[in-house]
Every structure is written in C-alpha cells, then in structure tokens.
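Look for subunit A in each of the two complexes below; its partner is subunit B in the first and subunit C in the second.
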Partner chain A sequence: MTAFLLRRAVHALTVVFVVCTVTFLLVHLAPGGPAVLADPKLTQEEQAAISERLGLDRPVTAQYAMWMARVARGDLGESFLYEVPTRRAIAERLPNTVLLAGAALTLSVLLAVPLGLISALRRGGVVDRIISGIAFLAMAVPTFWLAILAIFTFAVAFPVFPAGGATTAGAAGGLADRLSHLVMPAVVLAAVTTAELLRYMRSSAQTALHQPFVRVARAKGLRTRLVAWRHVLRNALLPMVTALGIQLPRLVGGAAITETVFAWPGLGRLGVQAALGRDYPLVMAITLFISAAVVVVNLLIDLLYLWIDPRIRLEA
Partner chain B sequence: MIATHDTSRRRAVIAGAVVLLLAFVALIGPVLYGTDPNALDLTRAAQPPGAGHPLGTDESGRDVLGRLLAGGRVSLAVGFAAVACSALLGLSLGALAGLGGRRLDSVVMRFTDAVMAIPALFLIITTLALFGTTATGLVVAIGATSWMGLARLVRAELLAIREQDYVEAARALGTRPLRLLTRHALPHLLPSVLVSVTFGVGTAILMESALSFIGLGVQPPAASWGNMLSNAITYLHASPWLAIYPGVMILLTVVSVNVLGDALRDAAEPSQ
Partner chain C sequence: MSCAVRVLRGLCVAPLAVLVTLACTSESGPGLNALRIPLINDPILNPVLAPDIGSILINKIIFSALVRPDENLHPVPDLARSWSTSEDGLEYTFNLKPGVKWHDGEPFSANDVKFTFDQIKDVKSGSRLGSDFAAVAAVEVIDSLTVRFRLKAPFAPFLALLGYNAGIIPAHKFRDRKLLDATDFSRSAPVGTGPFRVIQAAAGSAIVLERNPAYHGDAPPLDQVIFRIVPDVNAQVAQLLAGELDIVPIEPANLPSVERASGAQVVRNPIVQHVYVGFNQQRSYFKSPLVRQALDLAVNRKAIIDGVLKGAADMPRGTIPLVLSGFYDASLPAPAYNPDSARTLLLKGGWRNGEHLMLRDASGKPFAFTLLVDKGNPTREQAALAVQQDLRRVGIDASIETLEFATLVRDRVLPGDFDAVLIWWTTPPDPDQFSFYSSGQDNNHVRYSNARVDSLLKAGRATLDSTRRRDLYHQFQREELADPPVLVLFYPRELLAVSRRVHGLPALGLRDALRHAERISVTR
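Take a look at the complex of A and B:
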C-alpha cells in the first residue's frame, strides 16, 4: 500500500515537473523570448538591464534551474495588468471558480448517475434513445452558444435570472441573490460534463449488468429494481471515479468560457482576460496553478480508490 | 443501442453525406454566392432576414449569409488541419512509445499524462498569448493539445500487435522496425485511428469556435463561426438572429461528424 501511494506521488510530481518545463520552454521559444515578460515599451538599455537582473544573459540551463526554484517557492511573478503578485490575483478569484465548478460537477453527477443507469437498464428502448440522444446533442453543442441561448431566453426574453456577474452590484449580496446568479452558469457548464459522465455511466453499468454476481442475484429471485440499485449501481460507480478525474481539466476549461460569457469573476475569466491583455506572468501562473490543482485532485482520487475498492488495497 | 448493421450503415452514409456537403459548401459557397462578407454598409445595418440579404445583416451592415459561408470555410479548414496535426503527433508519439522499448515508453507516456493534466484551453491561450494569434498558430496550438488520446490508443494497440505470431514471423524474417510498422501494424491500427480522428474533427471545431469567441482565434474582420457569435452577444436584444445561425452551423457540423464517428466505431468493433 505504501508502495502504491509512493508510486502515485512520484507520478504526480513528475507531471507537475513536466508542466513547469513545458511552460518554461513556451516562454523561451516565443518570439522575443522571455524579454517580452518585461514591459514592451522599454528601451533597449532598460531591457538589457532587466535581462541582467532576471539572469536572462546566463545559459538556458541556469535560467531553467532559477525558474524551477522560483516555482518551487510558489513565486510566480507579478501581474502586468493588476500590478499585484499573481498569487494574490489567483487567490482572489479562486473561490468563485470553485463554487461554480463545484455546483456544476454536483449537478452533473446527480443527473448522470441515475440517467446513465436507467439508460443501461432500458438499453435500446425509447427512454434510452431519448436520454442518449440528448447526451449526444449536449456533447456537440458549443458551451458558449448554450450560454448565449440561456441568456437570451432566461434573462432577455423572460427575465427570470440575472444575465451575468456573481452578485447584484450595490446590493448586499444575500444567499438568494448569489444563488440566482449561480443557476444559469452552473447549468450551462454542467451540460457537457453531464453528457460525458452519462455515457461513461451507461457503459460501465452495462458491463456490470453482465457480471456473474448480477446473474446470481437475479437467479436468487431478487427483484430487478433491487439488483439494479444495489448490485449494478455500486459496481458501475467505480469507473465513474476515474471518469471524474478525466473530466476535471475539461470542466475547468469549460468554466473559463462559461465565466467569460456570464461575466463570472472567476479564475478562468481572469486567465482569458490576462491572455487578451498579454499579461504573460498571470496567464502562466494560472496555467501552472490549475494544472497542479488537477494533478492533486487526481492524486486524491487515487487515495479515494484505496478507500472504496478493497481489491486495490489488497493488491497494493 | 441495438444498431443492426443496416441502420448503422445508413446513419454513416447520411452523416458522411452531410459532412461532405458542408465541406463542399465551405469550399465553393463563398465563390457561388459572390457577396463580399466584409463589405460594410452602415445604412443597412442590423436588418432582419429579407430581400437582398437572405439571412439579414449584422451591426455593421455586413451580409450574414456571406459571413456564414466564409466563416464556415475558416472553421472547417482550421478544424481539419488541426486534426491532421494532432493525428501526426499522436501516431508518431504512440509508435515511439509502443515500439521504442521500455525506457522510451515510460518517458513518452509520462509526458502524455502531463499534457493531459493541463486544461487544453489554458495551454492554448498561453501559447497564443506568447506567439500571437495567426491561423497557423491556432492549428498548431489545437493540434498540440489534442493528440494524447490517439497516442495512448496507438501505443496500446502496438503493444498488443507486437505479441502476435505474424509480427514475430515477420521479425524473424529480418523485417526492419519501420517496415514492420507501416506494413504490418498500420493496417491493423487504421480503423481505430480513423474513429479517433473523426471525433477529433468535432472537438477541434468546437475548440476553434470557443477560441475565436473569446477573441484569441480567427481575428476580425475575417469571419469565423466563433467570432460571429462573439459579436452577436452584444446585439442579443436587438438582433437575436445573429446568434442563431453560426451556433446552428457549429452544432450541425459537430453532430454529423460525431454520428459518422459513432457509425465508424460500430463498423470497426462489431462486438460492441
């Protein structure tokens, strides 16, 4: 078991290391090199001075070591646009993104698990066709278009929900206000994730349905519904945990688009604005931070497996 | 779904026909229609669909149908080129991992895991922010962040094929690795690669439209379905039709490509 954990931890560290290296290489391959990281309006002399101070005149390997040391200390530089350490800009926006992505993920799981199971049980039937058809459409629809349609329908034509933002400007910002701002972005963001998770759930429930223990349970004379909810569901949920880990980077990417359309003050929108404003340190800091977060969550999912699946515990 | 061979084949044919039609329209539509998609006419701005402008005009009086056709050409071209790029990367890295021995395999696969852990959108916006937004940059950026699934697939299949008797026989006869790959392994890989690539087209078109939508993709005044939608959101109240057409086109394209992918998969894996 310790060996299993150790292997996973080394794996996670390797991934973070590669992410840092890729980011470093991107900056060095970019036209103008890392000197663009300074203000582009500077004169040649000023740029040379900055290059010297940042160690840009040293060999690439030395710079690489410096960059890694800085990243390891959590120092990701200062944002051009906001003139604050990137760490602080990220910390300010993070809670909003966690709230939005968390709400969307919860909604997705609550919808995908039962619908996927029903779809698998009624494979080929009308219900399955309807559910699978909608999931198919949801995977092909551009998130931002869904967001625009939602705004047009529920904020312009029938003003039920606010069109954007996380709270009403100037208002006290009570719970009801926050919730009503959360509904549309969360539902839109959940659409694709729900569809993807539903397809996983459907196929893993189908696999579980054909296991010998399900046949035994049926042969024992247990009612179909009991077999479905007790024997099939539990075993079909296991692969879903992995599916969640795979979906996470996509969910965060989708969140950036959703946040942009709904003017939701989160990390994704900050990243998009930073990219549009050529705020390189902030874009890179956000990319590094999100990737590291995804790696950590996947590590936690591996730990979760140890807890929910005794077979892995025994093997490891 | 209980897809008999017949219905699955029919679906494939219909979806394939739609994809071909879309590609055909994107290719020659702008020539046949002949209205300049970038011509401004502020006296006839934001007109609903009607005479002279079958789908109406946008906020600057540009013809929407013309822009839709021109945008389709850009979106499809970027989508297909990006997939070609990602297929090349996925195939070569997968082959490297599958045939290159244990050490190379683990290096390539750890790299693959790392790229998979980075949200693609952020990797792309970092790249575009640093390198500038050009059509080539867009294609390379989308291609460079979407090869991982294919690489894993190719590697897994190669590892399985390597153990087959006919490959061992070929190796015993002194066939070189490269010839082994092209002559004996590739034909086996082709069906699953084709399926993965087909789904990739849909993903790439969605990614291109999302990037153009947030302003990091195809740059105005050139039209793309994504940046048309980005424009439309400002005029949602006055001219809602502007937000409908490009979205429907993206949806139609991605749905038909995905249906084609599904049908190809059914044909490639009859057991499913």
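Take a look at the complex of A and C:
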C-alpha cells in the first residue's frame, strides 16, 4: 500500500509539473499581453513601470524560474487583474464552484442511474427511445443557448427563478434564496453531464445484464425487479465511478459558460477571465489548483475501487 | 413495467415539489429602494489604480472629486467649494468644503488632496492617472481647507480632468503601506467621501453600497446602489427584463428586445468619444493628406450610422465630438460621401487604374492594406466591414484582421505595427487632443504630423480664455478638413436600457451621470 501510494504521488507530481509547464509556456506564447498593459492611453514611462512591477520585463525563462521558486515556497503570486493574492481569488470562488458542481453532479447521478438502468432494461422499447432521444438532444444543444432560453422562460416570461447571481445582492438572503439561485444553473450544467452519465449507465447495465450471474439469478426464478436492483444495478455502478471522476474536473473548471450566463461567481469564469486578461499568475494558480484536484480525485477513485470491489487488488 | 413507472414518477415528483417550494419562497429583489447596475468584472475600488471602465464607474459614486461636470460638462464644485486661478494660469487655489467626513468618520482635509495627487504623480504607485496630470508640478497644503496646485505650464483642461477620474483618496488609510498593497481597501473596504459607501463586496457577485448619512451634498433618495457582476451582455439584458437590474449599457443589436419590453426604455445620451479609422502615417500610402482626404470621401458614414448603429450616433465633423458644444464648430460642412471625387483625388495623387478598377501605384503595386478591429464587438466589426466595402468601391483593397482588444493595443497599436485600425478615443469633457494628434506624442499612434495643428493644439491647451480657446479649436477643425489626422466615422451615443422605475438620471453618459448619484431615485 505504501509503495503504491508513493508511486502514485510521484506520478501525480509529474503530471502537475508537466501541466503547469505547458500552460506557462502557452499563456506566455499566446499573442497579446496582460490586459493591464493594453490601455492606449498609457505613456511609455507608465508601460515600463507596470512591466517592471509585474516582472514582465524579464525573459520568459527567468519568469518561469521565479514562478517555480515562489510556488515551492507556497506563494502563488498576485493577480494582475484583481491586485490580490491568487490564492485568495481562488478561495473566494471555490465554495460557489463546489456548490454548483456538487448540485449538478448529484442531480446528474440521481437522474442518470435510474434512467440508464430503465433504458437498458427496456432496450429498444418506447421508453428507451424517448430517454435516449432526450439524452442526445441534451448533448447536442449548446450550453449558452440552453442557459439563455432557461432565463427567458423561467425568469422573464414566467418569473419563477432569479435570472442570475448566487444570492439576492443587498438582501438578507438565506437558504431558500441561495437554493432558488442555484436551480437554473445547476439544471443547465447537469444537462450534458446527465446525458453522458446516462449513456455510460445504459451500456454498463447492458453488459451486466448479459453476465452469467444475472442469468443464474433469473434461472433461480427471481423477479425481474429484484434482479435489476440487486444484481444488475450494483455491478453496473462500478464503471460509473470512473465516469464520475472524468466529469468532476469538467464541472469544476469547465462550467465557465454556465457561470458566465448565470453570473455565477465560480472558478470556471474566473479562469476564463484570467486567460482573456492574460493574468499570468492567476491562470497559473488556477491551472495548478485544478490539475492537483484532478490528480487527487483520480487517486481517491482508485482507492475507492479497492473498497467497493473486493475483486480488485493493487498489484493487479 | 410497474417498476420503471414508479421510478419515473418518483423522479418527476420529488424535484418538482422542491422547485415549487423554492419558487414560492424566492424574493424578486432587495426590499430597499436600490438602484442596480451591472459590471462585467470585479472592480478595483481605488480611483488612482482603476484600470477599466467598470472600476471607473463605481469609483465615481464612492469617491468625490474636487469638482464634477454639470449637464453642460462644465466643472462645478464638489469637494472644492470654490477656486481661483492666478493671472499666469500656473496656480489653482481650491477652498475645500468644511466639515466633510470620510466614510469611516475621519475628517477630510487638504492633506488628502495632496496625498492623492502625490500618488497620482508617482509612476511607481501603480497610478493610472499620471498622464492626465503630467502638467502638475506640485501640490501645496496652505491650510487644512486650502490647497494649491502649481502647474508647469498653463493647462486649460485641468479642471475638466479633476472632475473626470480623479476621485480623492484618504491619506490616513495609507499611512504605512502602498496603494497596491492595500488590497482590502481596493477590493472590499474602500473609504471615500461620496454619496454612497460600500457595505458588502462579494467577489464575482456584487458590491453593495448604502447611502452615506454624512454625505457633504444633498441627501440621496436611494437607500442602496448595487453593482452586480454580470459578465455577459445578453444576460444583463435578460436580468433587466426580469426586473433584477435597472440600468444596462447595451449594443445596437439588443435594441429590439429592450424596445419591446414595457418595463424599460432606451436612452441615447451623447458621450465624449470619437470612433475612427486611424491610418499609420509612417506607411507611405497614408503620408499624403490628399490620400486621407480621398479616404474621408470614400466612406458612407450615414449608412454605417443608420445601418450598423441603428441611428445611435451623430455625424462627425472632425475629431472634436458634438457634445463639446462650446468648442465644436457646427458651421463646418458635414462630411460628404462621394466615391467619384475620392477616386479622382487618388488618380490626381499618382495612383493608376489597374485590373477591375483596383488602384495601383506607379510601380504596379496595388493599394492594399490591413484594417485591424477588435474582436467580439459586433458594432465595430460590422463598421469595419462597411469601411472595407466602401474602400473597395474606390479601388482600395483593405483586408480585415480581428484581434482581441488587449492584443490589438499592446502588440500592434502601441508599437506602431499596423496599417490601419478601427478604434476610438473616450476623452474627458475637454477639447484638448494634444496627446493624440500632435507630432511625437505618446498617444499619437497614427504618427500624424502637421506643424499648424501642433501649434494650434499646443495653444489650445495653454489658453484659459474660453472665447480665444474656442477660436483655436475651430481653426483646428478647419485644418482637419484639409489634412485629416484620422477618418472619424461617428460620434457614438451611449445606449442605455433603463428601467422605468428609475428617475432623475442626468442626461449624460453613464460615466459622468454617476458623479450625480445623489439625484437618482427609483419607485419601488
């Protein structure tokens, strides 16, 4: 176990290092520069002062070395755009991201698992076709369009939910206020995730249906419902754990469009704004954070397998 | 079957029950009478450091300045009660309002004014206002309510600039730290003297301001002003229509959806801005005034204003916008659209007809160049397309390159690495354009050089007598007809979608209107 963990830790560090190095080079090689320098009114003297203050007057290799040295000391630098430590910028947004991603993921799992199972059990039937049709539609519709449509339907035409934000600014708020703001972005964000998880679930349930133990259970004369819930579902859920692990980084970092349209103050939007504004320290801090999170989550999933499926061994 | 149906029913009913409960408990807005305005990003709450328009807007409400522009854009008292100018125009003495308190209760004094301008002048402080006040030599505290500015040379735009972005910041909050290190100040806990003070700042969400009970001017009728961070303009419009925002700057493309709505109206206030195509006059094509005159004749501005801007712009006569009525010469002829004359001028200037009537120079090289425009703004992208088509009609081959604004400015415009660029200047409410169009100035990105214009613009910023100053700018505009520095396309009007519950919004661009936030009210 210790050897396994050590090996994985080395792998994890390598992955994070490579991701950060590549990102550093990409953001510095991308055309344009920090938005703070893109003011046509700046005089040459002012440009030089800003460049010097931000360390942009040095060669990229020197900037990279400085960045690495600072990260080794636990300092992720200051954001160019917001003039605050990047760690603070991320910490401010993280709770919102966890809330939105958590809600979307919970919703997705609650919908995808039973619907995928039903689809598999009724393969080719009307129910399966309807469920699969809706799933494909959800995958095909662009998120920003779905989001705007949701806002115009449920906030403008039938004002049921607020059009954006995470809380009602200036009001006391409370749990109900927070939840009512969460519904639309969570549903929109969950749409694609649900559809994908549903497809996974459907195919893994189908695989399970054809396993010998299912045949044995049926031959024993167990009722279909019991076979479905006790034997098919349990075995079909195993590959879903991996699928969830794949969805997680996307929900954390890739929710930028949903977050932008719903004015949700999350990490994805912060990352996109940092990239557009060429806020190098913030882009790097977010990259480091998300890549580390992905690596850790994957490691946890591998360990989780040991626990939920006794057939799996580390050495295997 | 029964199993599947039961599962499905459970799936549908449970979330629906939750949703209905939530919908019934959700509030539509704050209970107070609040004005809600969108920003696209978290602002920096310090007027000296503010790098973007959003920060500038909110800082105008938090931080009073010495003066502010009235509805005719003339400077009127704000923190300064009155002022006097020395004979030679080199000294301005301001008498400050007595009894003014900072939001934290500390008294405001002349020391704060001196501190603010010392920071502005210090290029190492992170100040973004240094070039505005390059003419200031020193600021002296005469007594706690009197402050004197000493200028290096007479500088007529001085008062307009004082009322533009130069909000006064409190010296006592920066006693032992630099402006850039005071992140709590510039992110969540700014202290100003304006009509509203920040009570809550949630990163990425909203900044909530409440009425400043100790405000030095008239008591504002609003309880709160809330700046909500909404990055997407379509989402901003949706929030306005949903009654969650009150004032939203929009693009012409958003006009139909706002005009259809009953709860909002569109106001079109002129702003101090000119949108233009700048030709890099280090390129041999554009050196000759004759060519720039011809380009001026070749573009159908009316079609752009009506078609692309849906009428939300005024026809330009030179680079001084119409809204500066005291200096703008309305007696000049409106620019003509005449492709035939444009062609004649170009042929006279040595260009020849080539294949398909495209122009070529004596050596046979075609008249072709690249026009840069910033990516993502449909109005400017369409205007660039219209210019391209108009130029093709007179035989000039312009190809369009779209770049992100930051890239366009930093990599192309500032280093002078471009042929032509569609861009704009937003200026303080003053006709001074010395830094844009005088030879060798930092902001003269098109490298325009005209000795007569140099002397007119130099005299214009140094002349305090308003009649003589007006004459100088009228002459400047006339000179621009003969030797256009840039091809001015239009003077845009700011399109604001305003909720019908908003009253008392001054008829100014939002930037200047917010200096009068204490006049705005809303019906609940």
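Operating definition for what follows: the second predicted complex is superposed on the first by the 253 of 316 C-alpha atoms of A that agree within 3 Å, B and C clash if a C-alpha of one lies under 4 Å from a C-alpha of the other, contacts with A are read in each partner's own complex, and residues count from 1 in each chain.
What we mean here is this: a contact is a pair of C-beta atoms (placed from the backbone, for glycine too) under 8 Å apart; a residue touches a chain by one contact, two chains touch by 3 or more.
Keep in mind that this is a model prediction, so the values were computed, not measured.
Of the two partner chains, subunit C is the only one touched by A:R225; subunit B is not. When the two structures are aligned on the shared chain, A:V261 is found in touch with subunit B and with subunit C. Of the two partner chains placed by superposition, A:A65 touches none, neither subunit B nor subunit C.
Contact with subunit B, but none with subunit C, is seen for A:V295 once the two complexes are overlaid on the shared chain. Set against each other, subunit B and subunit C touch different numbers of residues in subunit A, with C touching more. Looking at the shared chain after the overlay, A:V156 reaches both subunit B and subunit C.
In the superposition on chain A, A:I118 makes contact with subunit C only, not with subunit B. In the superposed pair of complexes, A:V183 makes contact with subunit C only, with no contact to subunit B. Contacts of A:V84 after superposition: subunit C is touched, whereas subunit B is not reached. In the superposition on chain A, contact of A:G164 is made with subunit C only, not with subunit B. Overlap of the subunit B and subunit C contact sets on subunit A: residues 31, 36, 148, 151-152, 156, 260-261, 276, 278.
For subunit B in complex with subunit A, the touching residues are 1-2, 110-111, 113-123, 125-132, 202, 206, 209-210, 213-216, 226, 229, 232-233, 236-237, 240, 243, 246-247, 250-251, 254-255, 258-259.
Within the complex formed with subunit C, the subunit A residues making contact are 31-47, 49-50, 53, 81-85, 88-89, 92-93, 96, 107, 110-111, 114-115, 118, 121-122, 127, 148, 151-152, 155-156, 159-171, 176-177, 179-180, 183, 224-225, 228, 260-263, 265-266, 269-270, 273, 276-278. Taken together, the subunit A residues at the contact with subunit B in this complex read 11, 14-15, 17-19, 22-23, 26-27, 30-31, 36, 123-124, 128-129, 132, 136-137, 139-145, 148-149, 151-152, 156, 249-250, 252-254, 256-257, 260-261, 271-272, 274-276, 278, 280, 283-284, 286-287, 290-291, 294-295, 298. Contact residues on subunit C toward subunit A in their complex (touch as defined above): 3-4, 7-8, 11, 15, 19, 21-23, 25-32, 34, 36, 41-42, 44, 49, 51-52, 123-124, 126, 128, 130-131, 180, 183, 186-187, 200, 202-206, 208, 224, 226, 228-232, 234-235, 238-239, 241-244, 403-411, 413-414, 423, 425, 442-443, 445.
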